[in-house]
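Here the chain labels run A, B and C in written order, and each chain numbers its own residues starting at 1.
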Amino acid sequence: MKRLSLVLIVLAMVSAMVFAGGSSESAAATGDSNTVKVGLICIGDENDQGYTYNFIRGRDEATENLAAEGINVEWVTIYNIGEDSSCVDANIEAAEQGCQIIINNSYGFEPYMLEVVDDYPEITFISCTSYMSWNDGRDNTHNAFANIYEGRYIAGVVAGMKLQQMIDEGQITPEQAVIGYVGAFPFAEVVSGYTSYFLGARSVCPSVTMKVMYVSSWSDATAESDAALALIDQGCVLISQHSDNTTPATAAQSRGVFHTGYNNDMTGIAPDASLIGTRIDWGIYFTEAIRAYVNGEEIPQDWCKGMGEGAVVMTPLNEAIAAPGTAEKIAEVEAAIADGSLEVFDTSTFTVGGQTVTTAMALDTDGDFTPDSVEAVHDGAFHESEAQSAPYFTLRIDGIVELN
Amino acid sequence: MNLLVTLITAGVTFGTVLMYGTLGEILTEKSGNLNLGVEGIMYMGGAFGLAGAFYYEKAVGAAASGPVAIVLALLAAFVAGCAASAIYSFLTITLRTNQNVTGLALSIFGTGVGQFVGEFMRLSEGGYVALSNHLKDSFAAAIMPDFLQGIPVIGPILFSHTVFFYMAVVLAVLMHLYFTRTRSGLYLRAVGESPATSDAAGINTTRYKYLATIIGGGISAIGGMVYIVTTAGCVWNHEGLSGVGWLAVALVIFCIWRPLNAIWGSVIFGAMMIMYLRVSLPFMPQQLYKILPYVVTVIVLIFTSMRNSRDKQPPASLGVNYFREER
Amino acid sequence: MLGITKSFGQVLANDHIDFSVRWGEILALLGENGSGKTTLMNMLSGIYQPDEGRILEDGQEIYIRSPKDAYEHGIGMIHQHYKLIEVFTAAQNMILGLDDVKMDMRQVDARVREICERYGFEIDPSMKVYDMSVSQKQTVEIVKVLFRGANILVLDEPTAVLTPQETVKLFKVLRNMKEDGKAIVIITHKLNEVMEVSDRVSVLRKGQYIGTVETSRTNPQALTDMMVGHAVSLNIDRPRYDNPQTRLVVEGLTCVDEEGITRLEDVSFTANTGEILGVAGISGSGQKELLEAMTGLYPVKAGSVRFLNDKGEEVELIGKTPMQIRRTGVGMAFVPEDRLGMGLVGSMGMTGNMMLRSWRNGRGALLKRKDPQALADRILEELEVVTPGTEYPVRRLSGGNVQKVLVGREIAIQPSVLLTAYAVRGLDINTSYTIYRLLTEQKMKGVAVVYVGEDLDVLLELADRILVLCGGRVSGIVDARTTTKEEIGLMMTHLGGKEVNG
C-alpha cells in the first residue's frame, strides 16, 4: 500500500511539473462553420506592458475585425515560454489542441518551431520577427514583420526635437545631448532599430550622439532597469529601448530624464518622462493572414508592411512634455515617408568609419551570419526590409557608441 | 571616483532586496535550520506583497495613501513568508524530515505559488497588474531630505535610498543587538550550536527553532516585495526574482552569519550584479560578471575554513535535525 | 532512592535498587560495565524516569521528570560527555537556561569567581570553551552545576580523561565541597581512586544492588569480590589442541591517542595457534586500541607485532596498512566491536558485505558476484541466519544475525589469526553459544584466536589463556583453567593483582 501511494504521488508530481512550464488559455467556442483555431506562443505575458502585451492587443484587434466579417477565431495562447526547448513543447501542445495556425512571437523561437513543423505539415506556422522561412525548404512556414524603422525614425524625431529644445533653452549644451539606448542583443533587428531612431533624432538635432548598452535578453526587467540607470549615470539625458519591459521608462522617470518607448504607450507609466512610443500593429497582419487562410488563399511566405498600411503606428504623443511643434513635425515626416520623398536610411545622412556607404548585402544564404546576396543599397539609400521582412541593417554608423 | 560612487549607489537598490533575504535566513540558520526555500519564499513575498497593495488600491481608489499601502504590502509579504516557513518548520522540526530536501521542495513550491498568484491576479484583472503612479512614487521615493542627498560622494551613497533600505539597516542592527546582548538571543545561538546541550539546560529548543524559522521566513519574503516595488516598478514580473533567493543564501555564508556584515555585504553583491553594465573590461564576457558573487562566496568559504577560526563557523548543528531520544 | 527499577526493552538495567547518599560525604558508586550505574544516576538527574520505585530527599518524596526538575531540587550531574557550547565563554555557558538570572555579565563573572575561590577552582569566566583543555572543561561543568545552586553532585567517570596531576586537583576540590556540606557521588570503576577519596562505597552488579561499605573498613580485594561475584558454570566445550606454535609476538606495544593520553603501554604477549587467548579488562583499558593496532588501524608509537608463518618466517605488521598486511599473505580476520559501523555496511545485503572482502577478485573494473553470492548462501545455511534474503540490508537484521554474518564472513577467508572484540555483546544465549562454537572450531583448525570479552565467566570457560589489561598495561597472563574469577577481577582493577593489601 505504501508503494502504491508513493507511485501515485510521484505520478501526480510529474504531471504537475509538465504543466508547470507556461500557462495557456483558450477562448470558448461558439459557431463552427467559419471557425478557425489559432495558437499564439508568447515569450512573456501582458504584465510586461510591452512586447507580448502588444501582441495580445493585435490578437484582440484581429479577432474583432474578423468577427465583423463573420469569421470566428478561437485562440490558444501560451504565455511565458522561454527561447529554449520549452518552445518545442509549446508548439506541440498548440498543435495537439487542434490549432490550424500557430504563431510564434519571438525572434529566438524560430529554430525550436522548425523542429516541430515537419510533424504537422497541415498546420501553418508563422514566426514573427524572424527570417528563416525563405530558405528552409518547407511550405508551411512563414515570417512576418513590419517597417518598424519608420516608426523608430519618427520617435527619434520627437526625441531630437526635445533635445534641441533643451539646448535652445540652455538646459544642456549641444555636446550633452546624449541618448542612452537599452538594447537586447547586437542583432540586425536591434541595430536597424536604433540606427533609424538615431537618424531621426539627428535630423532635427545635429549635435546628438548615442550610447548603446546590450542586456543580453529580450526581456529582463531587472537588467533593463539597471542598464537604463547606468546609462543615465553616464550622462544620457534621454532613454530609449528595444526590450520588452517598461522598467527603462520607470527608471528614466525616477531620475528625471526623458524617454521614448517601444511596443506600448508608456506615457501612463512615466508621465513626466515618456514622450512617445512606437509599435507594430499586429492586428493588421493577423487579420490578413487569418482571412487568407479561411478563404483558402496563400499566406505570403514573408510579409512586411509599413506605416502607410497601418502596420506601424505611433502611440499618442505626450503633449505635456513634448517640444512645441512636435505634433506638426510628426505629421510632416509621416507624409514624407508615405510619399517616398524621405528615405530613412538615406546614405547621405550617415557615415561608417568616416566613409559614405555605397554597397551592403542583405541576405545571408549560407548561414554564416554574414549577408552575401541581394544588394540593399541603391538609389541613394539602404533599403531595409525590402528583400525580407526581418531587418538586416547591421552597419555601425558614426555617432553611435556601443558600450558593451 | 564617480564611477565607484554611482556603482555603489546603484548596487544598493538590488542590495536591499538581498539584505532582507539574507537577514531572514541568518535568523533561521542561527537556530540550526537550513532553509533553502528562500527562493520560493521571496517569490511568494513579491506576489502577496504586490497583491496587498494592489487590492488595497482597488478597494480605496484614489484615496489610497502611500504609507498605508507600504504597510499593507509589508504585512502581506511578511505573513506569506511566515506561512511558507511554518510549513517548513513543521516538516523539519516536528516531523524531522531532511532539511535540505524540504528546503528545496519549498523553493520550487514557493516559486510556483508566487507565479500562480501573479497569474491569477493578471487573469482576474484581465490585463497587467500594476500599481498607480502615485503609489509607485511612494514606494520608490527617496526619503531623505534633498540637502543630505546633495553632499558630494556620501550624499548619493548614503542618503539617496528608499525607506526599505533604511528599514533593513535598522533591522540588521537590531538583530545584531538581539544576538549579542539579550538572553533570548544567547539561547537561540545555543540552540543552533548544540540543541542537546540547550535542551539539557532547560531551554525550549522547539519553540526557539519554530519562531526563528518562521520570523526569518517572513523577513526574507519582504525582500521579494521590495524587488517588485522598486526594481520592477510595482508591476508583477514573472521571472525577475529568479536566482535572488539563492544569492541570499550565498550571502549568508559570505557574511559569516553576522547581521552587521549583511549591510555592506549585500551592497557589494548588488554592485557585482550590475557591474557588467558599468565597468566594461574588454576581456570579461558578461557571463563572467554574473557569476562573480558566487565565486566570491566560494573564496570566502575557503578562507574561513582554512583559517579555522572557531568564531567564524556556521552554527554547529546547522542542517541537523534534533532528536531528543538520541541523548 | 528506593526500589528503583528501569528496563530498556528486554534489558533490565536496574533491578529494584536501593541507594542513598548523605550530606557532607563522598560516595563512590562502583560496578563493572553494564552494571547499571549510569542509568541509575540518569534517573537522579532527570534524563530517565524510573519504571518503579521512589526518590526521597531528606525523607520527602520528590519527582524528577526533567533536568530542570533535578536542578530545582539541587541535584547536578556532570556527564562523561560535556554538554557545553564550544563557541561560548564559560560564563555564557553558566547562564544557559537560567531565566531568572540577570544578563549582567559582570555579576555573573563575580559570582563565578566567588565559587572558584571558595572551592579552589581555577577558571577564567570570559575564556572561550574551545580554547580550554579537557580538565578545564570539566571544571566549567562543575562550576556550572554549583552556579545553579546544586548541593548534590554526581560525577560520571570524572577521571577517565584526566592526567594524574589533574586528578589530584579534582580530588582536592571535591574534598572542599564535601567540607562545605555537599553530597557527592562519584561513578567509577577505578578501585584506587575509590580508596583514596571516598567515604563510603556502594556496589552494583548486573543491575542489582549488592551492598554499601565504609571505605575505611574495606579493601580492594573485598570490593572486587562484591563487584565481580562468584563464578557461574557455563558448560562450554573446551578441547585441547595438540602442539600449539607461536603465531603472533607482540612486544613493547605503546599507543598514544589524539589527545596525548597513553592508551597502551609496553604491552607484550604471544598468541599461539590452536589457542583462544582471552583478553579481560575494564572497558577503556586499551582493548580496542590493542586490536586496532594489530590490524593496522591505529597509530603505534612504539613496539612491534610480528607474525610468524608456518615456515617460521617473520613479518612485521606495525607500520603497514590493512591492505599491505593482506598483501604479505598474512590472513588476519577482525570482528570489531562496532559491528554495523566498522564491520559491515548496513544498507547492503549479505552478498554485498561478502564482497567487502573479495572485491579485488574481479577482472578490471567489474565485480565478480558469483563467489560472494555462493558464500553468502553458505553462511546463511550453515549458521542459520534469519533473513528474508541475501540482498536484504543487514542493518535490519537482529543483533545476533548481524554478528553471525560478520563472523561468518571473517571465518570464510580461512585466516590464521582471528581477532574478535566483544563478540557476544548483546546477543541471546543461543547465538552466543553458536559464536563460542565457531571460535572453538577455528581454534581446533589451528587459528590463533584473540577474544576480547567482558563476561569473566565466559572467559574462564572459553579461553585457554587470559591476558588481563589494566590501564593500558598488561596486569597479568594466566592459565584460564587454573585461575579464579577473583584473581582476574583483582588484576583488572589493580596492576599485578596479587600484591594487594586492604
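Note that in this section a contact is a pair of C-beta atoms (placed from the backbone, for glycine too) under 8 Å apart; a residue touches a chain by one contact, two chains touch by 3 or more.
Keep in mind that what you see is a predicted model, and the values were worked out from it rather than measured.
Student: Moving only to chains each one touches, count the minimum steps from subunit A until you reach subunit C.
Tutor: Step count on the best path from subunit A to subunit C: 2.
Student: Between A-B and B-C, name the chain pair that shares the greater number of C-beta pairs in contact.
Tutor: A-B
Student: By Cα centroids, which chain is closest to the centre of the whole protein?
Tutor: Closest to the centre of all protein C-alpha atoms: chain B.
Student: Subunit A to subunit C: how many Å between their CA centres?
Tutor: About 78 Å separates the centre of subunit A from that of subunit C.
Student: Roughly how far is subunit A from subunit B, going centre to centre by Cα mean, in whole Å?
Tutor: 35
Student: Whole-Å distance, subunit B centre to subunit C centre, using C-alpha means?
Tutor: Those two chain centres are 49 Å apart.
Student: Which residues belonging to subunit B are in contact with no fewer than two other chains?
Tutor: None at all.
Student: Tell me, which residues of subunit A touch at least two other chains?
Tutor: Touching at least two other chains: none.
Student: Can you list the residues of subunit C that touch 2 or more other chains?
Tutor: Expected reply: no residues.
Student: Which positions of subunit B touch subunit A when the two form their complex?
Tutor: My answer: residues 6, 10, 14, 112, 118-119, 122-123, 127-130, 133, 136, 140, 227, 231-233, 235-240, 273-274, 276-278, 280, 286.
Student: Residue numbers of subunit B touching subunit C in their complex, please.
Tutor: Interface residues on the subunit B side: 181-183, 186-187, 189-190, 193-194, 196-203, 310-311, 313, 316, 327.
Student: Quick one: which bits of subunit C touch subunit B in the complex? Just the residue numbers, please.
Tutor: For this pair, the touching residues of subunit C are 47, 66-68, 71, 83-88, 92, 95-97, 99, 103, 128, 130.
Student: Quick one: which bits of subunit A touch subunit B in the complex? Just the residue numbers, please.
Tutor: Per the stated touch rule, the residues are 20, 23, 25, 44-49, 53, 80, 213, 215-216, 220-223, 225-227, 229-230, 233, 245-247, 250, 254, 268-269, 271, 403-404.
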